[in-house]
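Letters A, B, C and D name the chains as they come in the text, with residue numbers starting at 1 for each one.
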Amino acid sequence: MTTPTLAALAIAPIAVPALTAAGCAVAGRRTAAAAGIGCAAAVLAVAAGLGAHVVAGGPVEVAGLRVDALSAFMLVVIGAVAMVAAIAAPAHVAAEVDAGRLAPSTARRQGVLVHAFLAAMAIAVLAADLGVLWVAVEATTIVTAFLVGQGRTRGAVEAAWKYVVICSTGIALALLGLVLLNHAAAHAPPGTGGHGLDWAGLVTAAPGLDPGVTRIAVVLLVLGFGAKAGLAPLHAWLPDAHSQAPAPVSALMSGVLLAVSFSAILRVKVIADAALGPGFVRALLLGAALVSLAVAASLLLAQRDYKRMLAYSSIEHMGLLALGAGIGGAAATAAVLLHVLGHGLVKSVAFVGAGRIAQLTGTSRIDRVRGLVATQPGLAAATGLAVLALLGLPPFSLFASEFAIVRAGLAGDGPAAGWAVVVALGLVVVIGAAMLRHTGRMLLGPAPDGPGAAAAPRRLPRSTAVAMAAGLLAAAVLGVTAGPLAELITHAARTLTGAP
Amino acid sequence: MEPVVMSPPAAALLDVAAGALLLTAVLVVWRRDLPTILRIFTAHGLALGALVGVLAWAQRSVELGLVTIGVLAVRGGLLPWLLRRALAGAGPARREVRPVVNVTASLLAVAALVLLAFSVSVPLVELGESPATRAVPVAVAVVLIGLLVLVTRRHTISQLVGFLLVDNGITAAGFLTTSGIGLVVEVGVALDVLLAVLVLQVLAGRIRDTFGDVDLGELRELRDR
Amino acid sequence: MSALGVAGGVLQAVVIVGGAPLLLGLMRQVRARLEGRAGPGVGQPWRDLRKLVRKQSISPRGTTEVFRVAPVLLVAMTLVVAVVAPLVTTASAVPPVADLFVVVALLAHATVVIALAGLDSGTAFGGMGASREVTVLALVEPTALVAIFALSVPTGSTSLPTIVGTALDDPQRLISPASLLAAVALAAVIVAETGRLPVDNPSTHLELTMIHEAMVLEYAGPDLALVELGSAMRLSVYLGLFTSLFVPWGIATTATPLALALGVVALVVKVGVVGAGLAALEVFLAKLRLFRVPELLAGSFLLALLAVTTAYVLG
Amino acid sequence: MNAVGWGLVSAVVVALAATVAALAVPRRHRPAVTGVGVVAAGLLGTVAGVVATTGTTWSVARPDLLPLIGLELDVDSLSGVFLAVGGVVAIAAGTYAIGAARHGLDGPGVQAALPAFVASLLLVPAAGSVGTLLYCWELMALTSLVLVVAEHRERPAVASAGLWYAVMTHAGFVAIMVGLLVAAGAAGDGSFAAIRAAASGLSPAAASPAFLACLAGFGSKAGMVPLHPWLPRAHPEAPSHVSALMSAAMVNLGVYGIVRVGVDLLGGGPSWWWVTVLVLGAVSAVYGILQAAVGSDLKRLLGYSTTENMGLVLVGVGACGMFAAAGSRALAGLALTAALLHVMTHAAFKTVLFLSAGSVLHATGTRDLDALGGLRSRMPVTTAAFGVGALAASALPPGAAFVSEWLLLQALIHGLPAPGVVPAVVLPLGVAAIALTAGLAVATFVKAFGIGFLGRPRGAGAAAAAESGPAALTAMVLAGLACVAAAVCPTLVLPTLAEVAGGVVHAVPAVSGTVAIELVGVSGVLSPVLLVVTLIAAAAAVVGALRLLARRRDRRRARLWDCGAGPLSARMEYTATSFAEPLQRVFDDVLAPEQDVDVSHHEESRYLVAAVSYRRELPDRVERRLYTPLLDAATAWGRAGRGLATGSVHRYLGYGFVTLCGLLAWLVVTR
């Protein structure tokens, strides 16, 4: 592939959503919906092309962007989840507009912001420079703040405030970490690395970085990007924001945004491992993983709100990712990446389902929803399967990734990872029990009899059904065979474990 | 990057600016009257600008001089102005009435945080020792103090101030260690911070509209308990 | 299948079927005499059976074939045990069936069949009898099996001919503590299984206390005859087994007519003596309250368990 | 690919095709399509299993399937046994399912889950690596969960049972995963062959936790006390053919796992592992049958009986391991043969019992024995089927379970001369447990059959019952015939099973013979065929003699003896509760029943009683003592956990701030 083509391909995942955003500002609702799907498809296609190129020919640096296996893979995740969200969004928006909860102008703005959000995430995964990566991640906060606060209700405003304050503070810590890393890089022995915060350069320079400074920087970076990734201790914005944002946006935030931020931690880890040895980041990540899992378990046990339940489940899965990353090694890292994709697909389906349930019942409280299987068989089946998939049941790919993480933890060197895995599994069981209990209450049982019980149509809107089925099917297929993605994941894992 | 060679007067000026940075940060914790806090915050921004200016002068760097102007304009002018406007729109409450932790305890905490910042920063100072890096602990301390303000203050504007203190501290740290982290990133960071503040300002207005108050302690709609 | 076995099988069937009612008569007579009554004579059970067989069969309404088949099965199962167990000869007519577990379980199965018949009648008495009988059975089974275990550990087999043969070859084994404990435990099993005092009183029809009689209350005519005969055979078979296991002397080891005759006589005498002793003992016993019965059975279970442990420690 | 491979692969393909078809075809044809699919898959699986038991092995590795895991199948003769058992049960259950679908079970989800469940049932024993095993295991959990909650609209208990099942099976899965992966980690590879090869070099510090974790997980699936509470909930609440599949086929896989991991992969291990297994098995057997003996819910009773029977199997497995550890391979083979035979016979009679219980449930609308009775005339085939099953289950000759329990007892009896104090204590206790179990099993099934089917109807549902449709009847007859076959000629399969068991423990087959079961190496012989023949001959003799002697051949119908007090009503009959009352009294201290007597008096006088209400509940004591505190703790945790999210943004920021300060301080200290 020629350089200009490559440059165009590399810029496309940013440019296409940005253009779509601009287009949404002027286009009608129907056109915007089609554009959204087209945009997601384009991102997915470009990601596939880049992935193939990267697998065959190694990483490419072009126009300040760096396309390696990890960024190509993350683009796949963005495209896939965006596809689910884009298919489901029009029906959701239409229902909101019909119900009078959403002004048409706000709906239009939502389209603009969502695509700007996609563009920002694309920049974040493609950035060659960690500073640019930081800017892009912070940009996602700003863009999504209005999506979270879109409802203008007390809850929405409150969620938006907490979201912006906590995330910006957290990400500010990451900025301090970058500053310190830059400091360390500036004083690295000459000739060992590149310049400034260029990731590839930092990786090369890493063995020469001052350990004292790098330690502080890494702590700040993990904590800071961890905030945006929904890892404890700065996780608390997540349930608020995800429960208040419109369902398709929640799907995107939970499905990709967290993962994009987590990929930043993965990139930092490469540098830190080379500079400090693998033990340091492992301790940090295992700690964060266990605390996140414990927090998720504590709050899921007596959860009363199903959207928050899904949000805490995201914290759980981020904890599992941190666990896998903490264990380290090519196998665990590959598992982490597969988990990112699987979780993105399934969680977006779950949020789409939760959004539909909320529209039908007018409540997000678990105890007010009853007998969904009886009243809404399709919706209930898809949501139920999504929750089961989130618990790591086959045939969905989360089974494979969780299994591989556990396998790596128990086979790895040192008992720390093994014990962490055992404790984590205990918490996962508790979380599973809690989620099963809550979901079971909503889905099972006879149809509720009461006013308005029979008013809603039994069938899902076609587009919602397609979105949910597609997401679940993709996750299931991925659990049986990853096809060409397996190669990409292997390459990405190799990128992240320092191997060439 | 070669270590910054700095003349003694420049070093002294740098120390003064750094001292002012820390002092104003402490004062923000100390005072409860919001207009006063905003004035102190303006001073804080100006001190940051001065610090960058000293660095520019010491390095004889025109580029850094231009950055100084930018920093002064944004940190000493635009952001305080935005905050003042927000405060004007925030209704009658002009005092931080009931901080989550009272002022005395906060000041003691500040002392502890400064000590922590200084001891943590030892490796930062040791790596490429220079007058500039010797001031890095101050920047770290400012970050921690800013976080303390964020954690303990209830007024929307106070929390914004805390956030900006953190940011100023980080900016200071950036300039003191390596004279910045690249222009694109620098501008991006500044833009992001500015946008974040704008967003928060808008949200602060909405909070007042929907909750009828600017006390962040009232934001308890979304909770599990 | 040896000649000795076949001869034994035939002889045993004849002796048990013919002798069981007589044993019952003997026991009643002993009891009557000891209680100062004249008694109806040893042949009375046979006379009762003859009378019953001549009557018409009756099926109460609502009962099913379970009710009708049960008496036949009761007798048939007991008969199988009488044929295969080594009572007159050490060899068995059908060696692969002459297992101690099989024999005991078959006898228990006969009880189960009658209990089902009791439930099939759908009366309160039937249910009550079945419930009590099955409870006792459930508690007796463990004792029986563990006692068998104790007996079979020294010989390394549960095959009855082997056990009896070993005992004959090595009589010292019979007076070992394990054997004695097992004997006592098995005695308790037999008392409970055959519905003798103090577990059940075979001569009462008092509704609060009866077990076996309650189950068969609906039977009349030939069916009742079979039930009575079956019960009598159970008693004989159990006592015969007991004597073969613990007092095996006199049992025929060769197929000569003399040995066989001696075997028959020995069996009749041994069972008669044990039966008479049992009857004599019953005179001095009161029936236990139903809910004290488990204590007795728990005690025998403990003895059986001790027998096993002793068999291991001392054997 | 040999016959095993073809059979297995085509079984799975057929089942999955049926799953897809269930989602595609219209409701009208759905039950037939899935039913036929399940039966076909069962047949093919049986063929594969039977061929495999004869020593044909088959293995395949497809690393491109199941990303990060890799599909590895490895069928040997031990797999074959469980494959065949699962297949046979699937044939009966699939047949039954065609008829059961009209009771509200023809939805696409339920119908699609059934063949998928069968496919996973067949795949679990065929798995050849840790990953594949766990994948199929969880697939089995998922599909069976969908089936367990199929009737959630009818009864609220279904959802609760589903939750118990889901949570416990998930926890069990995690335990197995940890155990197997610890072993795999120490071996360096997850394939069974690699673990087997590395077993001798495995340190006890790795092997013992691995085994115990696997024991907990697999044991829970087998309903082992104290990890059983899901079983008596889920098995009764599932549709009956699913109950049959779960109780007769799925629980076996727990046993399979213990044997596969403990005996095969880890190479036996120390004696105390197996003492643990044996003791847990004995406790399960006694506890399970005790609960069954005093219960009055027909399907719950059958569920507890599953715990009992799996307990007996575990006693056999434990004895096998103990003997193997002590070096007596022949006895180990005998014990394992007994365990495998009991797995088979249990599968046969539990299938027929659950299917006929389901038939009763559909006909009468109740599972409560206290409301049943008098079904003999209304449902003759069902009654006969249940009777056959009950005979088999109560371990009386000539029943199916008698043979396997006899074999088990033989193993224990011949094992006693083994050296050491532990066997001297454990083996007699094992025998005692089996003995107690046998006695209580008799009581249980006399009650279930006698009260449930004989006598006169105790409720309106039972009085209005009608026989089930042809599909259900066919299924019951098939399963009943299997029971009869297992009872009369177990020698058809026993030598093969003995060969399989001998292969697992590296010993010569412990059993031979065609007419009689002849033990090899120790003395012992039993011939069920001859027993049956003798019994028939004796019965014929009795009938003949009676005909000869009796004067009058005709029978007269007569009134029941009602003490002259007028016709007997159904309320005068003994119920299941009253039937079990003496037993309950005997085991009062173990069962700890909760009784309530409320006496309300007349207003006029305190001496006149207006009404007495009596309520008795028999809570599962293990559950009460072990799980209730656990659930309370979880509730308290959840309530306390909410305190983490108070809504205060300061608090939320504070979490991060405090952590940051702590980490920085840590950095300072550890510098």
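Keep in mind that, in the parts below, a residue touches a chain if its C-beta (ideal position, glycine included) is under 8 Å from a C-beta of that chain, and two chains touch if they have at least 3 such contacts.
For each chain, UniProt lists the protein as follows: A, D = NADH dehydrogenase (Quinone); B = Hydrogenase-4 component E; C = Respiratory chain complex I subunit 1 family protein.
Since the model is a prediction, treat every value here as computed from it, not as a measurement.
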Would you mind checking which pair of chains has the most C-beta pairs in contact? C-D
Most widely separated chain from chain B (Hydrogenase-4 component E), with each centre as the mean of CA atoms: C
In whole angstrom, what separates the CA-based centres of chain B (Hydrogenase-4 component E) and chain D (NADH dehydrogenase (Quinone))? 68
Gap in Å, rounded to a whole number, between the CA centres of chain C and chain B (Hydrogenase-4 component E): 99
So, in whole Å, the Cα centroid of chain A (NADH dehydrogenase (Quinone)) is separated from that of chain B (Hydrogenase-4 component E) by 31
Distance between chain centroids, defined by C-alpha means - chain C, chain D (NADH dehydrogenase (Quinone)) (Å): 35
Tell me, which residues of chain B (Hydrogenase-4 component E) touch at least two other chains? 120, 122-123, 147, 150, 159, 216, 219, 221-222, 224
Among the residues of chain D (NADH dehydrogenase (Quinone)), which ones contact at least 2 other chains? 641-642, 644-645, 649, 653, 660, 664, 667, 671
Chains touch one another in the pairs A-B, A-D, B-D, C-D
List of chain D (NADH dehydrogenase (Quinone)) residues in touch with chain B (Hydrogenase-4 component E) within their complex: 641-650, 653-654, 657, 660-661, 664-665, 667-668, 671
Flag every residue of chain A (NADH dehydrogenase (Quinone)) that touches chain D (NADH dehydrogenase (Quinone)) in the complex, lowest number first. 161-162, 165-166, 169-170, 173, 212, 215-216, 219-220, 223, 227, 232-234, 236-237, 239, 295, 297-303, 331, 334-335, 338, 371, 373-374, 377, 381, 388, 391-395, 397, 399-401, 403-404, 406-407, 410-412, 418, 421-422, 425-426, 428-430, 432-434, 436-437, 440-441, 444-447, 478-482, 485-486, 489
Mind listing the chain B (Hydrogenase-4 component E) positions that touch chain D (NADH dehydrogenase (Quinone)) in their complex? 100, 113, 116-117, 119-120, 122-123, 144, 147-148, 150-152, 154, 159, 216-217, 219-225
Touching chain B (Hydrogenase-4 component E) in the complex, chain A (NADH dehydrogenase (Quinone)) uses residues 129, 131-132, 134-135, 138-139, 141-142, 145-146, 149, 152-155, 157-162, 164-165, 168-169, 172, 175-176, 178-180, 182-184, 186-187, 196-197, 210, 212-213, 215-216, 239-240, 243-244, 299, 302-305, 308
What residues of chain C sit close enough to touch chain D (NADH dehydrogenase (Quinone)) in their complex? 53-62, 64, 66, 68, 72-73, 75-77, 79-80, 83-84, 94-97, 99, 101-102, 105-106, 108-109, 112, 115-116, 118-128, 130-132, 134-135, 137-146, 149, 152-153, 156-159, 162, 217-218, 222, 226, 290-291, 294, 301, 305, 308-309, 311-313
